[in-house]
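Think of it as A, B, C, D, E and F in the order they're written, each chain with its own count starting at 1.
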Amino acid sequence: MVYITRRERFSAAHKLAKSEWSDEKNLEVFGKCSNPNWHGHNYILHVTVKGKPEPSTGFVVDLSALSDVIKEHIIQKVDHKNMNVDVDFMKGLMTSTENIAIAFWNQLVKPVAELGAELHSVKLQETENNYVEYFGE
Amino acid sequence: MVYITRRERFSAAHKLAKSEWSDEKNLEVFGKCSNPNWHGHNYILHVTVKGKPEPSTGFVVDLSALSDVIKEHIIQKVDHKNMNVDVDFMKGLMTSTENIAIAFWNQLVKPVAELGAELHSVKLQETENNYVEYFGE
Amino acid sequence: MVYITRRERFSAAHKLAKSEWSDEKNLEVFGKCSNPNWHGHNYILHVTVKGKPEPSTGFVVDLSALSDVIKEHIIQKVDHKNMNVDVDFMKGLMTSTENIAIAFWNQLVKPVAELGAELHSVKLQETENNYVEYFGE
Amino acid sequence: MVYITRRERFSAAHKLAKSEWSDEKNLEVFGKCSNPNWHGHNYILHVTVKGKPEPSTGFVVDLSALSDVIKEHIIQKVDHKNMNVDVDFMKGLMTSTENIAIAFWNQLVKPVAELGAELHSVKLQETENNYVEYFGE
Amino acid sequence: MVYITRRERFSAAHKLAKSEWSDEKNLEVFGKCSNPNWHGHNYILHVTVKGKPEPSTGFVVDLSALSDVIKEHIIQKVDHKNMNVDVDFMKGLMTSTENIAIAFWNQLVKPVAELGAELHSVKLQETENNYVEYFGE
Amino acid sequence: MVYITRRERFSAAHKLAKSEWSDEKNLEVFGKCSNPNWHGHNYILHVTVKGKPEPSTGFVVDLSALSDVIKEHIIQKVDHKNMNVDVDFMKGLMTSTENIAIAFWNQLVKPVAELGAELHSVKLQETENNYVEYFGE
């Protein structure tokens, strides 16, 4: 079993706030991440898949096909977007890094399987000081 | 003359769009940066000052004092904010990286002089693939 | 289960040497790391905790609370200190990266549990070419 | 059990192409990686070994000895070489990152054991956007 | 005057050797860079242009147009190529980083002017430990 | 004129404190950098030299010769040392990043000239958030 990882990047706005709470309550719970007018990040996404290298190519998966899958199912939906407003698969969810990583896993698990590999992990870095990893359960 | 640089970071939302233009016209000129619901970045700021090291300390400037000046005059005004909406010194300006760098220079030139050093440059990195430098003229 | 990581940094002096050995013997075993007058590093620490995201916030753990715990129990005790001399929890231990990582785990495991999460790993990078990971057993 | 990692680097040429195929067929399957006149990379290699720290030194393994092993068994055979042509242990293999990582594992597993540690993983980064990990099975 | 930089990357093979010299003489002068079967690098290119921000956009230059220019005149000619064999504008030149940077400048100076900006510098990084800068004279 | 840069690294201990001052006075002026038992850093050094590429090689300077000069005149004197105690050319000087950069320039200017190039700048990075540049006057 070999693990291969593709890195992609996107830039997006978001905020952490509950609409049913006051700004004061949101500030108390979510701190500066609750700014009503949004803030944003350069997110870095690492998608790791696993499998056996195919003998004739030496590939677990064709990395450009994997990149295309990530772009189709994630990047074009989130890059230069607002995670809370513009992204169909985040509707109704807090846009914490944890929740985004889980949502990305759900977006990718099936199309990665269709490439003949198995999704192993999604790692999402929000800033240089924090990142989240999700392994599907 | 020795040049010393302090790096600071902030995360902010913005968009590139003119309110008097339609969404279509903004999209044509500014591309995906014009998304009406905003996007955002982890900006990296490098502030370089110059001067002669003071003999008793070996310092051109006390770096923690320089960091405090950058935080007071810039970071606390832009971090986890919307560059177009929340920042007094960006009012009426397009929030291109070029314009933000110039505005940061104008914010810093006087308080840096009060520290006994001279502002040399402001470098502002918007993504890992682009950055702007401004030297005051 | 989601894994979330907080990165912190500190700068410290140390040496690898046994006081009961001669400088020559220490040099033979520990090489340049045994310099009697110390050397030092910019250490980079990654603390990973795991748990289920809390539905109302989307957080496994409040990252600023995690950062505070790391600062209280580790960073303020080691930053700009001498790992061999100044750090109570390293007393009597060789200050190898391995031993420091284990000691950091022991410092963190209980306060992380009090945040409602579970400590998963401590990763400590000593230089750009080496790092250690410890998972508690 | 503690995990310790040594990073090494090398620069090499390679191509992905099957000699029994036409250039057109190779281009179709391997894309620009099939360029007949080669291309190349700055590869970054992370070798992770595991073990218990030896009480008198605090070391799982002497990192300079581990570095020497990696240099003897890998770096001096691949650095500033052509992975397809110059490297004995890659003969007859496609030089995909997957296959190189597996071959490196096979080169290292015995000499690492002779250092008194156990090889845990080989991570090989080909570009800033992709890397492979292999754990020996 | 504001300076704005676009980063692009490419992977290429090359060698440093004079065809009229023996392998031994090439090895003596160029060391391991003279390997007859080539080696390669992940090159990182920074192109800096300067100008005044255009008031209505805040742009010195449209960065996506600058990226297109760099891709058309450089990246598509060198990426996944052999610098000595495949690149028309390097014919007859030693492929030292110095010479490549000068050749890139010559490729870019006119199309950058056609964008309405002025080429300021070309920075070319060959490995994490060395890079070259050229300012046109 | 082409500028070429070599990066080298070293790890050293130091402190900022005047022996004729009390610990309290040193703490007041130099903050945590005055810790009597030292602290330390992974310093990153960039040495830039300039000249015309020699036509037969394409080199401004042989980078391995430049690396040897930096190692002989700087790295072997400071790596895994105490900057205040062990380094002859820092005797009597505050070990601020500014003063170290100036001292490195003085160490390098003559041996770089003997390589047939001209020293352009010394850049010394103390942490990821600060660095100093010196151009010789």
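The definition used in the following text is that a residue touches a chain if its C-beta (ideal position, glycine included) is under 8 Å from a C-beta of that chain, and two chains touch if they have at least 3 such contacts.
What you see is a predicted model; the values in this text were computed from it and never measured.
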item	value
Joint neighbours of subunit D and subunit A, given as chain labels	C
Farthest chain relative to subunit A (centres taken as mean CA coordinates)	F
Pair from A-B, C-F or C-D with over half of its contact pairs in common with A-D	C-D
Length of the line joining the C-alpha centres of subunit D and subunit E, rounded to whole Å	28
Subunit A-subunit E separation of Cα centroids, rounded to whole Å	33
Whole-Å gap between the CA centroids of subunit A and subunit F	41
Shared-contact residues (touching 2 or more other chains) in subunit D	128
Each pair of chains that touches, named by its two labels	A-B, A-C, A-D, B-E, B-F, C-D, C-F, D-E, E-F
Complex interface listing, subunit C residues touching subunit D	16, 18, 29-31, 93-99, 101-102, 128-135, 137
Residues of subunit D touching subunit C in the complex	1-8, 48, 53, 56-60, 63-64
Touching residues (chain side subunit C, partner subunit F) in the complex	9, 11-14, 32-33, 35, 37-42, 79-82, 85-86, 127-128
